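Scroll down for the structure; my scribbles are underneath it.
Chain lettering (A, B, C, D and E) follows the sequence in which the chains are written, and residue indices restart at 1 in each chain.
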Amino acid sequence: MVNVIFIIVIGLGAAFLLGLLRENWRNAAYALTIGSLVSMAWIAARWLLFFAVEGGTTVEVFTAGTEPPFAINLRMGIAEAVLLLVVIFSGLLSAVYMSKSLFRLGGRAMSVLLVFIMALCGIILTRDIFNLFVFFELAVIATAGLLLISENKQALSAGFKYLIISQLVSVFLLIGIIFTYHVSGSLNIDTIAGVSLDTMKGIGSLAFFFMLIAVLTEAKPFPANGWALDIYESAHPAFSAMFSAAMAGSAAVYAVDKLLLIGGQQWLPVVTAIGLLSFVAANLLALAQTNDRRTLGYSSVGQVGLILAVIGQRDILGDNYLFIAGGILLSHAVAKAGLYWISGLIGQRNLTDWAVLRRHPMLILSFVSFIAMLSGLPPFPSFYAKWDLVMILATENRLWILAFILLGSLLEASYLFRWFGYILKRETPRQEKNEVENKSPLLSLVPHKLLVIFSALATSWGLAYLWGELSAYDNLFYALPLLFALSFLLLEWVSVWIKNTLAIAGMVAYFVISYPLYDPLQIIFAAIFLLGGAVILLASYHVHGRRIGFYPSAMLMFAGLAMLVVAEDSFHFFAAWEFLTIGSYFMILRGKNSEPHALSYIIFSLGGAFLILTGFALAAQGVVLFNLGSLAHVAAPIAPWVFLLLAIGFMTKTAAIGLHIWLPGAHAEAETDVSPMVSGILLKAGLFGLMVLLMNMGKQQLYGIELTYVMLWIGALTAFLGNLMAVFQEDAKRLLAYSSIGQMGYALFGLALMNQLGWLMALMFVINHYIYKSMLFLSVGGVAKRTGTRDMYKMGGLIAMMPLSFIAVLIGIIAVSGVPPLSGFGGRWIFYNAILSSEYRLPMMLIFISGPIAFLYLFRLIHTIFLGQLKDDHRQIKEAPFWIMLPQMIYVAALMVFAVVPGLLLRHVDAYLSPFFAESAARGGLNWQGLTITSDYGYWSPIPIMVIIAIIFALLFAWLVFVNRKAQKVKQFNIVYSAERPFRPETTHFAWNFFAPYRKAMGFLIQPFVTRFWETLTELLHTIADLFRRFYTGNGQTYAIQLLAFVVVVYLFRVEF
Amino acid sequence: MQFEWIQIPYALLTLSIIINFGLLMNAFVAKIGARVGRRVGIPIYQNYIDLIKNYGLRSSITHGVMFYLGPVFRLTGGIGLLMFVPTIYGSVMFSNFSFAGDLILALYFIFFGTLGMALGAGESGHPHAAIGVSRGLSQVTMAELPLALAVFSIALQYNTLSVTEIVAAQQGGVLNWTLFTNPLAVVAAMLSFLGSVMRPPFDVVLAPQEIPIGPPTEYHSSYLALMQTNRVIFPIAKMVIFMNLFFGGADNWPVFFVKIFMIYMFAVFIGVVFPRFRVEQSIRWFLIWAVPIGILAVIVV
Amino acid sequence: MVQIAMATGFILILMGLYGALTNHNILRIIVSFSVANTGVNIILVAVGYMHGRTAPILNEAVPVAEAAARIIDPVPQALVLTAIVIGLGITTLMLAFAYKLYERKGTLDISKFSELKW
Amino acid sequence: MKEELEKRIIKGPDGLEFEVEPLRDYYCEAPPTVMPAAYSKIVEDLFNWARSESIWILGFGTGCGAIEMRPLMTPRFDAYRFGVQWRPTPRQSNLFVISGYLSVKTLKRVIRSYEQMQNPKYVVGLGSCTINGGMYWDSYNTIKRLDQYLPVDLYIAGCMPRPEALLQGFADLKKLIRSGKAEGANEYAEKFEWYKANQKKVINDWDMPDYNW
Amino acid sequence: MHELYTKLKQYFPLGELIEQRDNLAFITLKQEQLRPVILHLRDKENYTHLVLLTAVDWLEDNIFQLTYLLSNRANATDIGLRVMISRDSASMESIHDIWPTAATYQRELREMFGIDFPDSPRVNDDFILEGWNDIPPYRRDFDTLKYSEQTFSQRPGRETKDPAEHMKQKLYPDGA
C-alpha cells in the first residue's frame, strides 16, 4: 500500500517541478500535471479498494516518525479515501476541462491547480489543527490564483473579497488554535478530543468556537457567504466545479466534521441550525436568480448546508452516518461539478440561455440526471440518503428539522425544474451575425469538455447503482420495469414504430407475467396502468420520426405505476411513486406551452411526495422494511398524523380541491396521447395510494374530528367545484381536465364513505374514468390536431367531417353523465346505494348537484365542437388519424361491454373487499346472481335495460327514417333565422361563454381563491427572495461585516443552548 | 320478477292508455285555462288533430343524422321512463319493465331524452336552439337538485330504492302517504317538479318571443310530431314517479287518472299565476327556497 | 508581561479589523490586515511564553535532560513562524490583486468593485 | 353581392388553401319539388281535414294589418276554438298571413320565411294593400300584387279587415283545404321560375339562394 | 327665447329667429356656425338632447334645409337649428361625435336625400332601402308614381275614387 503522504508529496513536488520547467514546455507541464493527478487518484483509489473491498481498517500516518503531539499525523479511512477521490477527480477532470486555459497560462497555473488539490487533500487527511490552518491558507492562496484563469474580469474583485474574508478567517482560526493549544496542550484533534471536556469550559470553548466558526465560514454558510457567490458567479466554471464539489462540499465540511470531535455533542445543534438555515435560505434566494452560475452557487450553498445539517445530526444517525452524509455529499459533488461543467459550454449567462442545450439529448440527459441527484430523486444516492435521514429524524422525533429539510428540498427542486423547463421550452437564443466576433458562441461543444461532463454522468449512474447496493433495501436497478424503462434510453435512435411496439409488448407481457401475483384490487389497477397504457400507446403510432425523450419518460411513468401496484413496503412504494412522478413530469413538459404547468405539477407532486415520505417515516418509527400492511398497527397518537400526511400527499395526485391548480394546465397542454395517459391513468395512482391507506388505517380521529369525514367533504367539494369550473372553460382539453378533477372528487368521496359500496363505486369510477376520459382526451386531441386549436368556440359542425370522433365523444359523454344504459350509470347506482348505507348526509348534497352540472359541460363539449356551424377553414378537414381513432373505438367497445356486464370485473373486487368491511357487513356488498344486480336497497339489470332501450330506440329511429325518407338534406345556413339569413358561421355558432346565465347565477362560486392563494404564496416567496438577496451588496467590506455579525450572532445563539 | 313475452303487449297497452290520457289531459287543461279566461278554448280532440297534421305534412328537411336522432332520443327517453316504472300498483299487467331497475334508473333515465334533444337541436345549427339548450340545462341542474334530495330522503325513510316497495309502504290510508309522513320531501320534490314541466315561471327555455321556442326551433313535420308525442308521455311518466313516491301510488286506472291530473294541475295553477323568471333568477329561486327544504328533508328523516 | 503582550495583541487585532472595515481604500485595508496579523502573531507568542524560562534552543545552556522544565513551549514559536510566512504570502497576493484591480478600474475604492452582487 | 356571400380563399389549419363559395357551400341549392298527395284518397282526405282543423299561423306581422291579428287570441274572438294558433317559427307553421302592405324590403323576408315553411302551406293576403297596393298605390317601395310573388290562396279585403272578417277568411280557407284546392306550395314549385323572375324584378339586391330551404 | 337668442348673438353670427311657440323656436345658421353653436347649446345652455335631425328639399331654391332639433329637458324648451346647404353635391359636417345617435339620422338622410355626411359611421351602407338604384326617393325631383308604375305590376282594373264621392254615388245613386 502506498503511503498516503505521497498524495501530498506528489502534489507539492509536481507543483514545485512545474515551476522549474521552462515557460514554453507547455505539453510537458500539462502531462506532468495530469500525470501527478492521476497518480494521486490512483493512490486514493487503491486505498478505497483496500477499505471497501479488502476490509482494511483505518490507518494513522505519522509524518515525522513520532506520534502526536510531537508531529503532525494524517489519517486514512474509508471516508477520507472517498473524499480524496472526489477532490482529486474533480481536480483531474477540471484540469482536462480547462486544458485550454491552462495551456494559455502555462506551468504556473498548473502548479497552482496542483497546490489547490493538494491543499484540499491535506485538509481531509490531517488530524492536526494547525496543519489544518496551513492547508486552508494554501487553498485560499491557490483559489486566489486560480480565479485569475477566469475569462470574467470580475473574478478579480471576487478574489479580493475572498482574500479579505480569508484574512478574517485566519485571524479567528489562529486565535482559536492557539488557545485550544493553550488549554489542551496539543494540536492533535484526537488528543484534544480525548482530553478536554471539562477544560473546554470558558476560554477553551471560546477558542473552539473560533476554530469552528472559521472552518464553518469556509463551508460558506448563509448569510456570511456573499463572497462565495461572487466567486461562483465569476470564476472559470471548471474552478467553480472544484470549488463547490471539492472545497466546500468535501474538504470544508469534513474539516467541520473533524473539529466536532473536539467540541462534542453540544455543538451539534449549532452546526445543524447553521446548516438548515443555509439550506432553506440559499434555496429560497435562488428562486430570484437569473444568472446560471450564481444560481448554482446558491444551490451549492444550500447543499453544503444540508450536509452540515446532516453532520449536526450525527448523534442520531449512528451507523448510517456515512451512508447518509456520503450519499448527499457525493450527489452534490457530482451533480454540481457536472452542472458547472455544462455551464462552461453555454455562451451566455441567463438561465433561459440554456435553451441551446435542447438539441443535444445527451446533455439534456446529463442535466436531468444532475438535477434529479440534487433534488434527491430515485435512483440516485441522495434519494436513499434522504429516505434514511427522514426515517431517522422521524423516529427520533426531530420533526422541525425534518420539516426544514423538506421545505428546502422543495424550494431547490422548484428552481431546478423551472430551469429544466427553460431548457426545453424557451426560445433558443439566436446569435446575431455582428456579435460573433466579440462574444463567445452560444454553445461550444468541445470534445474533451463533453467527455468530462459525460464522465460525471456515468459517475452519477454508477453511484446510483452503488448506493442501491449499499442500502438496506433492494437495489432499485434490479426492478424489471425500471430497467425496461431505462433501456429505452439506449433505443433513442430507432424509429417510433419499433419503440412503440416494444413498449406495448413490454407492458402487456409484464402484465401477463405478473397476473397470477395480483389480488383482485391490484388486477384492476394493474390492468388500467399496463393494459390501459398499452391501449393509449396505440395512439402514439400516429407520431413519426424518433420522438426523442418520449419513450424513456413514458416508460418511466409506467414502470413507476407497475412497481406501485406490487409495492409491499413503504420504500418501494415511495420509490415507485417518485418514478411515476418524474416520468409523468417529463411527459407533461413535452407539450407545446406546458412549461409553467409542468412546473407546478412537479412542485405539487414533490410537495405531496414529501408529505408521503414524512408520513411513512412517522409510521415506520425506525423499522427498516416497513410493510404497508403495518400501517394498520401504527400507534394511537401518531396514527392520525400519519393518516393526514399520507392522505394529503395522495390527494395532491388526485388533485383534490385546494391542491388541484396544477392539473388543468398540465393535462390540457400535454400532447394528444399524453393527456389521456396522465389523466386516465396517472390520476389513479393517487387513488390507489388512498385505497392502500384507507384499507390499512381505516377511520382516524384527530382532535375529535373524523378524518374520513373531512375527506368526504373534500371529495364532495372537489366533485362540485371541479365540475362547476369545467362548465366555464373555453378550451376543450381544459374542460376535460377540470372534469377529471370532478370525477376524482367522486372517487374520493366513494372511498371516504368507508363502506363496501362506496369502494365499489370508487373502483367503478376508476375503470370508467379511465375509459371515457382517455377516449375523450384522445378524440378532443385528434380534433385539436386537425383544427389547430383547442378553443371550442372556434370549432363547430365537425360532425360531418369527423363522424367517428363524434361517436366516441357521444358515447363518452353519455357514459360520463351516468345516463343509462351506458356504464356510467352503474357508478351512479352504486353511489346511491352506498350513501344510503352511510350515516353522512350533508356532503352528498354537493355530489347530487355535481351530477347535472357535469351534464352542462359535457353537452357543451359535444355541441360546440361537433354540432352547430362548421367554420370556413374547417370545411376540408379530415377525420383524426387512424391511430388516434383506433384506441377510441376500442374504448367504445369496452364501454359497451362494461355497461352490459359490469360484474365481469366488479364481482371479484366486491368479494375481495368484503372482508375489509366485515364489522359493518350487516349492510354489505352486492348480489351478482343472474342478470340482476341487487343491493340491500334496490336492484339493477344492465342487460334488460340495454335491450329495452335499444329496441325502443331502433323502432322509433327506423320509423322516423322511413317517414322522412324523402327529406331534403339541407346545409348549415338553411335555418330559420328570424326571416334573415346567417351572416357568417362564426357569428351564427353560439358557443363562446355558452353558459352565461349560469355564470350569472353560480359564478360567485368559482372565484379563483385557490389559485390566488398559491399565486400569492409563490409571489411572496419570490418577493422575499428578491428582497433578501439585496443583502449581498457586492462590497467586500460589507461581506466582512456580515461575517463578523454572523460570528457574534452564532455565539450568542450558542449561549442559549 | 323476470321478463316474459306477455309483458310486451301489456306494455303497449299501458303506452296507449297513457298517450290517449295525455292527449286528452293536455287539451283538457288547456280548455280549463281557456274557460278561466272566458274563452271557449280548443276542442278536446285538438291535440289528436295537430298530431295527425304534423305526421301528415308532405315535405321535410334534415340537418343531419343527429337531427333525426334528437326526437328519437327524446321519445325513447319518455317511453323508456314510463316502461321502467310500475304504473299501477299491485297489477302485474301494468308494472311494465320495472324489473330492470329501481328508482335510480328512472331518475337518471330522465336525462336520456334531454341529452338527445339537446344534441338534435345542436345539429340543426340554429343559435336559438343552442341558447335554449344552454338555458334549459342551466335551469335543470338546480331544478333537479331538490328532487334528488327528496328521493334520497324517502329512500332513507323507506329504506329501499324499489318503487314498488315504496308504494307498498304507503298503502292503508291517506295518512300513510309520503305527503303526510315526510311533507318536507314532498314540498321539495313538488317545487322541483315546477321547474321541469316547462310552464311559467320556469319556461324561459322555450321563450317564444325572443328565441322562437328554443331547442325545437328547426323541428317540424314528423320530427315535431314525435316530440309532441313525447310531450304527452314524458310528463306523465315523470308524474307517475311522483305519484308513486309521494302520493301513495294508484292501484287502479281511475285513481291513476285523478292523481296524475291533480299533480299536473298543481303546476298549471302555479304557472298561470306567476310571470316568467330569467334563468339566473330561477336558479337562485331553487337555491334559496327549494334546496334548503330538500336538505332539511334529508336531515330530518 | 504576558498580559501586556496579550492586550497589545488584541488591541492590534481590533485596530486592524476596525481599519479594514472602515477604510475604503484597498491599500489601507491590506495594511490594516497586516496590523491585525501582527496582533495575532503577538498573541500566539504570548500564549506560548512562560515566565522565567528561556528560549527553546537546545544548546549547552539548556541540556536536553532539563529542557522540558527550562524552555518555553516551542510549538507556538513554530506556529508563529509559519503564520508569519503565510500572512506574508497572503498580503503579497492581496497587493498583487490590488495592483490588478487598479489596472482595471483606475481606482482603489473597494466599494467600486461591487458589480457582482445579489 | 354582399361581401359575406362572395367567394373567398381560405387557408385550412393544415395549410392547404381552398375556395369557399358561400352560396354553394352554406346553402342547399336544390329547387323545390312538387309534393304529391298521399297515395290513398282517404288518407289524403283525412290529412286535409286535419290540416284544415289545425291551422298554425306564422307569427310574422308584415304590415299594419298585424294589429288585427292580436284580437283573434282574445276571449272575444278566440280563434283557438277553430284550431288556429300561432307558431313562432316558419318550420312549424302552415299558414302565412301577409298582414297588410308589403314593402320590398319585407318582401324579401317574406319570401324567405315562406320558403322555409313545409308543404302544404297556405298564404292569405290580408287587406287591400296586398291586393292592389291600397293606399300605397303610388309608393316607391310597396308591392302592389302579392300573387305576383307568392301563391295566394285567399284574400281578405278591407283596410283593415276586422277580426270577424279574418275568422270568415279562415273558415273559407278551411273549405279550400278540405276540398284539396289549397295547393299553393305545389303551385309555387311548378311556377317557380315565374315567381322567381317576379321577385327578382323588384328585389334589386338579391343576396340569397334562389330557394331558401 | 329672445334672451337666449341675444345671448347667442354675442358670440355667433346668427340668422333670424322664428318663434313657433313659447318653448319652441328656430334659428337659421350658417353651415360653419352649426358645430360651435351646438356645442355651446349643449354645454352651456343645457340643450343636451338631439330630438331629431331632418331635411327639407327646397327644390325651387336648390337648397336642402337641415333641421337639428335640440331639447332642453330642464325647462322643456326646444330649439331648432336650421342650416341651408346647396343641393348640388350636398354635403354636411357630421355631428355623430357630439351625439352618437346623429349617425342614424345621417344615414337616413344620406339614403333618402343623398346628403353626404363624411366620416359618419356606416353612412354609405344600406339603411332602409336595399339595393336602391335610382335617385334618392325623398328628393322632390324623384317621381314616385312613375317609378311605382314602372317597377311594380299593377292589378288591372284598379281605379281610384274619392271616398266621399264614391260613397255618395253608391248610397244615393240618384243624386239626392
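By definition in this document, contacts are C-beta pairs under 8 Å (C-beta built on N, C-alpha and C of every residue); 3 or more make two chains touch, one makes a residue touch a chain.
Keep in mind the model is a prediction, meaning the values are calculated, not measured.
J.: Could you give the fewest steps needed to travel from subunit B to subunit D through chains in contact?
T.: 1
J.: Note down the smallest number of touching-chain steps it takes to go from subunit A to subunit B.
T.: 1
J.: Greatest Cα-centroid separation from subunit D: which chain?
T.: Farthest chain from subunit D, going by C-alpha centroids: C.
J.: Between D-E and A-C, which chain pair is linked by the larger number of C-beta contacts?
T.: Result of the comparison of D-E and A-C: A-C.
J.: Chain with the smallest distance from its CA centroid to the overall CA centroid?
T.: A
J.: Taking each chain's centre as the mean of its Cα atoms, which chain lies farthest from subunit E?
T.: Farthest from subunit E by mean C-alpha position: C.
J.: Could you give the separation in Å between the centres of subunit A and subunit C, each centre being the mean of its C-alpha atoms?
T.: 50
J.: Averaging only over C-alpha atoms, locate the centres of subunit A and subunit E and give their separation in whole Å.
T.: The answer is 77 Å.
J.: Please report how many Å separate the Cα centroid of subunit C from that of subunit D, as a whole number.
T.: It comes to 112 Å between the two C-alpha centres.
J.: Approximately how many whole Å separate the CA-defined centres of subunit C and subunit E?
T.: 105
J.: Which subunit A residues reach two or more other chains?
T.: 968-970, 972-974, 976
J.: For each chain, which other chains does it touch, given as pairs?
T.: Every pair of chains meeting the touch criterion: A-B, A-C, A-D, B-D, D-E.
J.: Using the touch rule from the top, collect the residues of subunit C that touch subunit A in their complex.
T.: The touching residues are 13, 17, 20-21, 24, 26, 29, 33, 36-37, 40, 43-44, 47-48, 75-76, 79, 82-83, 86-87, 89-90, 93-94, 97-98, 100-101, 104, 110-111, 113-118.
J.: Applying the document's contact rule, which stretches of subunit D touch subunit E when the two form their complex?
T.: Residue list for subunit D touching subunit E: 104-105, 108, 131-133, 137-145, 148, 198, 201-205.
J.: Please name which positions on subunit B make contact with subunit A in the complex.
T.: 3, 55, 59-66, 68-69, 71-73, 75-76, 79-80, 83-84, 97, 99-105, 108-109, 111-112, 114-115, 118-119, 122-127, 130-131, 133-135, 137-138, 140-142, 144-145, 148-149, 152, 155-156, 159-162, 212, 217-218, 221-223, 226, 278-281, 283-284, 287, 291, 294-295, 298-299
J.: Enumerate the contact residues on subunit A facing subunit B in the complex.
T.: 797, 799-800, 810, 813-814, 817-820, 825, 828-829, 832-833, 835-836, 841-842, 844-845, 848-849, 851-853, 855-856, 859, 862-863, 866-869, 932, 935, 937-941, 944-945, 948-949, 952-953, 956-957, 960-961, 963-964, 966-970, 972-978, 988-991, 994-998, 1000-1002
J.: Which of the residues in subunit D come into contact with subunit A in the complex?
T.: Per the touch definition, subunit D meets subunit A at residues 4, 8, 10-14, 16, 18, 20, 22, 25-28, 30, 60, 89-91, 109-110, 112-113, 116, 207-208, 212-213.
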